[in-house]
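These are the structures, in structure tokens.
One chain, subunit A, links the two complexes that follow: it is found with subunit B in the first and with subunit C in the second.
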Partner chain A sequence: MKKQWWKKGSLSVLLATAIVAAGCSSQTSTNPGQTTEAPKGGNTLVISALVDPDTLDLHKSTWVSSANGILYEPLLTRDMSGKVSPGLAEKYEVSEDGKVWTFTLRKGLRFHSGEPVTGEAVKQSFERMLEVSPVKSIIGPVEKVEATDEHTFKVHLSSPFAPFLSVVMSGMISPVDAKKAKELGDGFGDNPSGTGPVMFEKRERGASLTYKKNPDYNWGPEYAQNKGPIQVDNVMFRFLKDDDTRMMEFKKGTIHILSDVPANSVAELQSLPGVEINKTMDIGHKYIAFNNLHPLFSDVRLRKAIALSVDRDPLVQVALNGFGKPVYGPLPPTIWGYSENIENKAKQMYSRDLNQARQLMADAGWTDTNGDGLVDKDGKPLSVEILVSPEPAFQRAVQILQSQLKEAGIDLKITVQEMATIKDRISKKSYDMALMYFGWYDADIFYLLFEKSNSASRMYFTRPEMDELLNKGRTEMNDEKRFKIYEEAQEILLNETPWVPLWVNETVTATRGIKGMVINPYTQGMVLSDITIDK
Partner chain B sequence: MRRYVLKRLLSLVGTLLGVSVLIFLMVHLIPGDPVTTILGQFATPEAVDQLRAKLGLDLPLWEQYMHFLGKLLTGDLGTSLFTGQSVWEQIAERFPITLQLAIFSVIIAAIFGILLGTIAAVKQNTFVDRLVVLSSLVGISAPGFWIALFLIWVFAYKLALFPISGYEGLHSLLLPAITLGMAEAGLIARMTRSSMLEVIKQDYMRTAEAKGAAVIRMVFSHGLPNAIIPVITMLGLQFGSLMAGAVVVETVFSLQGIGSLAIEAIGKRDMPTVQGMVFFMAVIFATTNLVVDLIYSLIDPRIHYD
Partner chain C sequence: MVNQNRPESYWKVIGKRLSRNKTAMGGALILLIFILASLLAPWIAPHPVDQMNFDNRLAGPSASNLLGTDDFGRDIFSRLLHGGRISLMMGLITVVLSTVFGVTLGIIAGYYRRVDIFIMQGMDILMSLPALLLAIAVIAVLGPGLTNAMVAVVIAVIPSYVRVVRSAVLSIREKEYIEAVRALGIRDWKILFKHILPNILSPIIVLSTIQFGASILAAAALSFLGLGAQPPMPEWGAMVFVGKSFLSQAWWMSIFPGMTIMLVVLGFNLLGDGLRDALDPKTR
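The block that comes next holds the complex of A and B.
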């Protein structure tokens, strides 16, 4: 009797499985996954990105990514060699006193809504930004803006502000269609209108963003071969966070452009036919931030000793799988203000030298008195904590740092915390060291990091002579003179080493099934106009 | 019954009030400031102060709580500091996927768990029993992300039966639902088995067997209804927690459910979103529990609520 039942039971299990399986297969056969078809079939360029932007309303965002940035275009940009190049403005002039910036707009520009881009429209956009942007403080001392004629737009500053050029080129203040923004109010983020090569089509928050070609676009960047409308019908950003999933999607052929390729997957992708790998250096670097108020690190000898204990090559080779460049000086080559002189000097000063590091620590009273391998003072070993966010590459890096510092006799304790918590601890001064990063287009980033009014939330390092230089750098309009000012400021940073610059990342992008994809290292944006999909 | 439901609903209000205090305190006491996250590297002390004042984060904590509670009472869960969307809008976007996934995986867990658990109990100490116990252990202990990647690799990447990631209708939820359902099926199978083993020893089962009832009838008409109460409790709890989202599975399959939204919001310290979402989840969880309790009386006539 039991046997009989078991036969029936197993039959029903099989039946249930079959029903479920049949349910799946019938659904997939009638409704094949759209994503698997889209890139091959249609003329849709599919890009995988990590983060869905919070908003498509440029003025309300705090950082421009390619996913929301391509809707808009800046007044000026940088070409592939870093030189200033026309954007929506064909030229610009700065008054002798550096207070009035005049932009002459190209003719025939239109917003996605069809509205012409006039001096007045740009003025309204600028005013809106000053009203709503959470990051308006970076724009500088704007007194008023005016449209002097149909194609001219002027910004009056209360004092000269040299970084304004970088702010304009950053894309953070690019013109938006202020008339439409006024009409839509908070809804502008869901139905944005800019001047970029693509127009908003639809959005599935967190999952994807789809744009369509802007057919009127004929103001492509000077460094692009195609100045007219882009050569694909649609551009779709898919937001995939899991590395394994997005790798499988790319290998399957459902994605044309895979951004932020995990370093340990590059070799595998390179071996696939038709895959091209593009490397772009970041516009910022990763560094060890000291708490310069900490009793240990208020002594420059200990800061230097730690800087001299670090060997950057293994960090880049092992933690980043080679996709980065060691940085010794305060700026990477992609940021205006980078000086080869300074970098060479920094390399001489801070290439790993354990003897010198030990000597500096001994001068400060730290020696290994008990032979345990760690230096000590008053019976206490030199032990410091480093805060690090849970990014895999960062974690690999701090583990390497830990062993490098141990060789110098320093015990490094690693604490992994979310970035929000790390920032909180920094603001409360309750930290020794932290692995941090920055990204900006201009040496004025030092103002945010080290000027006395801002240093309170950063590394707590400030020097009157440094403040003077950083303020002078903001008002000096002559590029050469300005460059010298920042060289001087960087000298101070080299001698005082309130931080230890470590490396600049190389972002890896993989492409397949397309041609013409180039990334501009100075704007970090891809040149969309020249991309074609293989037929 | 009506009085019981009313009583439960009243106590639910008290519970939710307590929950609102807890959520508020937790969100405000964890280290991290949404303002520094919003401003990023441009968070100069001046900009931070300005934005904090604009968002009302400079008010005393009790005042902020009163604002939160006042809004809650009018059904307003708040607005995201980052996207400008109301929490309700965000829930409306994300909850349908979570709900479908929860239902789907609980169905899978219930079908396989109850069936296998019953078979194992009936065939106690045989090869089949051991196989079920072993496979349920594997289901419980295999990490979710591993099962997910394995299923994607076989069924989506190699066989191309499903999309690798993303939501394109119910069929794209099958692999994630199996991933979630497998662990639950394992638990349910073990619970059904032990519960059934108790029931099988009861007099009424022996009587039924003596009267010559077919095993299948014996098991499904007399055994299972008596053994199923603890299983229903567990299914209810699992359903409730699944409604709060399944972060790992949502991430691997790139599904925009409520779990990934909550994690993103916590990472950014988007306080209104976290508060509103957690409160919503608490309401859902408490309601699910109430419904499960009421289901008992439908299944087991011995249970009365007066």
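The block that comes next holds the complex of A and C.
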């Protein structure tokens, strides 16, 4: 007979002890005295990442991360201060009416297969993407693409579309070797060819991904010092999900770059010799999404009352261990469209003020009549549910929110569900509030969250005057004018507060035994060009 | 006069035999302490269970916080006391539910030979899967949460009851006295509950006692995997889980809840072993 782990009494006790024992053993392994040197074994840069990409075929991938994006180069990029900077295209022009975008390619570029990067090749890549990409809907109203000469190609849009610039820079539509992709068909993902500084070498699904240096890579981003091939021979991504394992490997010295360092381990890593900590602000923030159709939250006074009950500093300090920044306004500083003016205004309006929150609730008929500490109306206490995904930082945050709202007299119930379930409940309108997040490169995110055709995806909040602004923002080509439009839209969001922006994360990356690692906060990309491994 | 010669009742004999077993009494004592502490938690806990104190985060054991504080500055000792109510209640509910379902199915399978094959094949399918894996699969369908964790544990535990009860019923249904009552034309349900059930109580009691501890452990294991109790509930397994990511800074966050689970499970197992010895007719 097989042993059943809870049938055997003695075995169960052993299990319980094992939990305790595991605690003890990890405790000793964190002793900083046991550190070993940096990774050895040739000139291979080892990067630990959380998730193995779905495919290396950029156009078919639903989530471009540095592990697969590194094979390709965008036409344009943003520099370290957020300004547009050349990529594969030396320059670009937009016609008066905003419908025709002309890109001039760098000369002498080649794909990994040796094929030259010409206007025609980029055109074919673009057409392939429009055909196969699962995210093609966010690219914009592309009508046709044409190659006008060897180094130029044009994109014709059916209507002006300002966010196209951000789409181009996002890396999602970077050119792939369309000729090879046609040859290989579905096999392109196993044998990809792009223009990036590394070429595909081998892949072990779910475990690692190895690239070799592209010796023909003859340029580098404007903001990198090295304008030639990268300075390591190989780049290897290792996919380790478990925090303890990742930390242990990094401490052992088998990993150069540890991405997404767990916030509560940063102090420990900082104490190790030769470890550098790099903080990068995310391009999106975490927020409380109200169901604006809910009888409670269709009343702006209750939305404001909740917004005023939240104190963001403990959220960042305790839930994130300080690795983040409070956000009061609709955009974090890393997204185009962020306005300091708006953020200051938001801070004034929505810094914690329990008296004002109570006043607003009282105006809406909610007061504490029975003295139990919770406000009530018609004999029912104010009790709302928040949906949250199982991520530890989120779970800590909602517990703090729970105690903060309680001080204001609101009972917050926490329901933990997988993100897929949360999105499903949102689509069925069966929710009160949810802790959500977004990430995008442009203020056009408002269109995706609040425009009437999209508002059902998150908060069911839409206003005709804001729709008008959001549509205008998509077609306005003048940067300054466009900025003004989004400032106006953000004013509406401030006054109506269909959500409560909470914080922007700072992703922590630790490096060891290397020099020159930089992460560009605007593209969220790792700059490989200047990395050297210590000898 | 008659009273003096009357033999002692069965349960009195068992009680006496059990009280002579020192390890079993040790187990009972441990349980008594934990049950009392949990019941009295609101009165003896030094701090309110969910009170956060951000100035006193991850503080080690001290006079004001006997077992230290967690990542929100909440007092771990107070949380353990309150958590005992959740864990013990969870153990109780799962044991009662699985006993009811398991015994019912087991009696039916053992007595009505025609449906036996269907019930036992079903149980064999459940038993062919490792219990924890089965529980995780159930939760994958139902979604995480305390109630669902209990349902999952009950489903995973039922087969062991069915097996034990069925085999006991099988041996008893062939006894002459059962044949006699059947010949008298007594109804089936009366035979089952009046004549068979009382005679298979001892294995059920032993199994339930041991399952009590095992269910607490199973529920804690599910919570440890993030599938059971959800924050801010001070469930023991969930506390070990949360503490796991703070091990290098605050070992007390995991160790004390872990030790609590261990002690309670140990208590149930010691008591269960003692009961088995006491109820075993061969050790007279």
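For this structure, a couple of remarks:
The working rule: the second predicted complex is superposed on the first by the 496 of 535 C-alpha atoms of A that agree within 3 Å, B and C clash if a C-alpha of one lies under 4 Å from a C-alpha of the other, contacts with A are read in each partner's own complex, and residues count from 1 in each chain.
In this text, a residue touches a chain if its C-beta (ideal position, glycine included) is under 8 Å from a C-beta of that chain, and two chains touch if they have at least 3 such contacts.
Treat the numbers as computed from the prediction; the structure is a model and nothing was measured.
By the touch criterion defined above, A:T421 reaches both subunit B and subunit C.
In the superposed pair of complexes, A:D242 makes contact with subunit B only, with no contact to subunit C.
In the superposition on chain A, A:K60 makes contact with subunit B only, not with subunit C. Once the two complexes are laid over each other on the shared chain, residue contacts for A:E204 go to subunit B alone; subunit C is not touched. By the document's definition of touching, of the two partners only subunit B reaches A:P134; subunit C does not. More subunit A residues lie in contact with B than with the other chain of the pair subunit B and subunit C. In the superposition on chain A, A:Q395 makes contact with subunit C only, not with subunit B. In the superposition on chain A, A:G439 makes contact with subunit B only, not with subunit C. In the superposition on the C-alpha atoms of chain A, the part of subunit A touched by subunit B in one complex and by subunit C in the other spans residues 4-6, 9, 12-13, 16, 20, 23-24, 27, 418, 421.
Contacts from subunit B toward subunit A in the complex involve residues 30-33, 36-48, 51, 82-84, 90, 93-94, 108, 111-112, 115-116, 118-119, 122-123, 128, 149, 152-153, 156-157, 160-172, 174, 214-216, 219, 251-254, 256, 260-261, 267-269. Subunit A meets subunit B in the complex at residues 1-2, 4-6, 8-9, 12-13, 16, 20, 23-25, 27-28, 31, 33-36, 54-55, 60, 62-63, 134-135, 137-138, 186, 189, 204-208, 238-242, 244-246, 248-249, 251-252, 254, 418-421, 423-425, 427, 438-440, 445, 448, 453-454, 456-457. Remark: subunit C residues 50, 52, 54, 57, 71-72, 127, 130-132, 143-145, 156-157, 160, 210-211, 213-215, 217-218, 220-221, 224, 226, 230-232, 240, 242-249, 251, 254-255, 258-259, 261-262, 265-266, 268-269, 272-273 touch subunit A in the complex. Against subunit C, the residues of subunit A that register as touching in their complex are 4-7, 9-10, 12-13, 15-17, 19-20, 23-24, 26-27, 30, 243, 262, 264-265, 267-268, 314, 317-318, 390, 392, 395-396, 398-400, 402-403, 414-418, 421.
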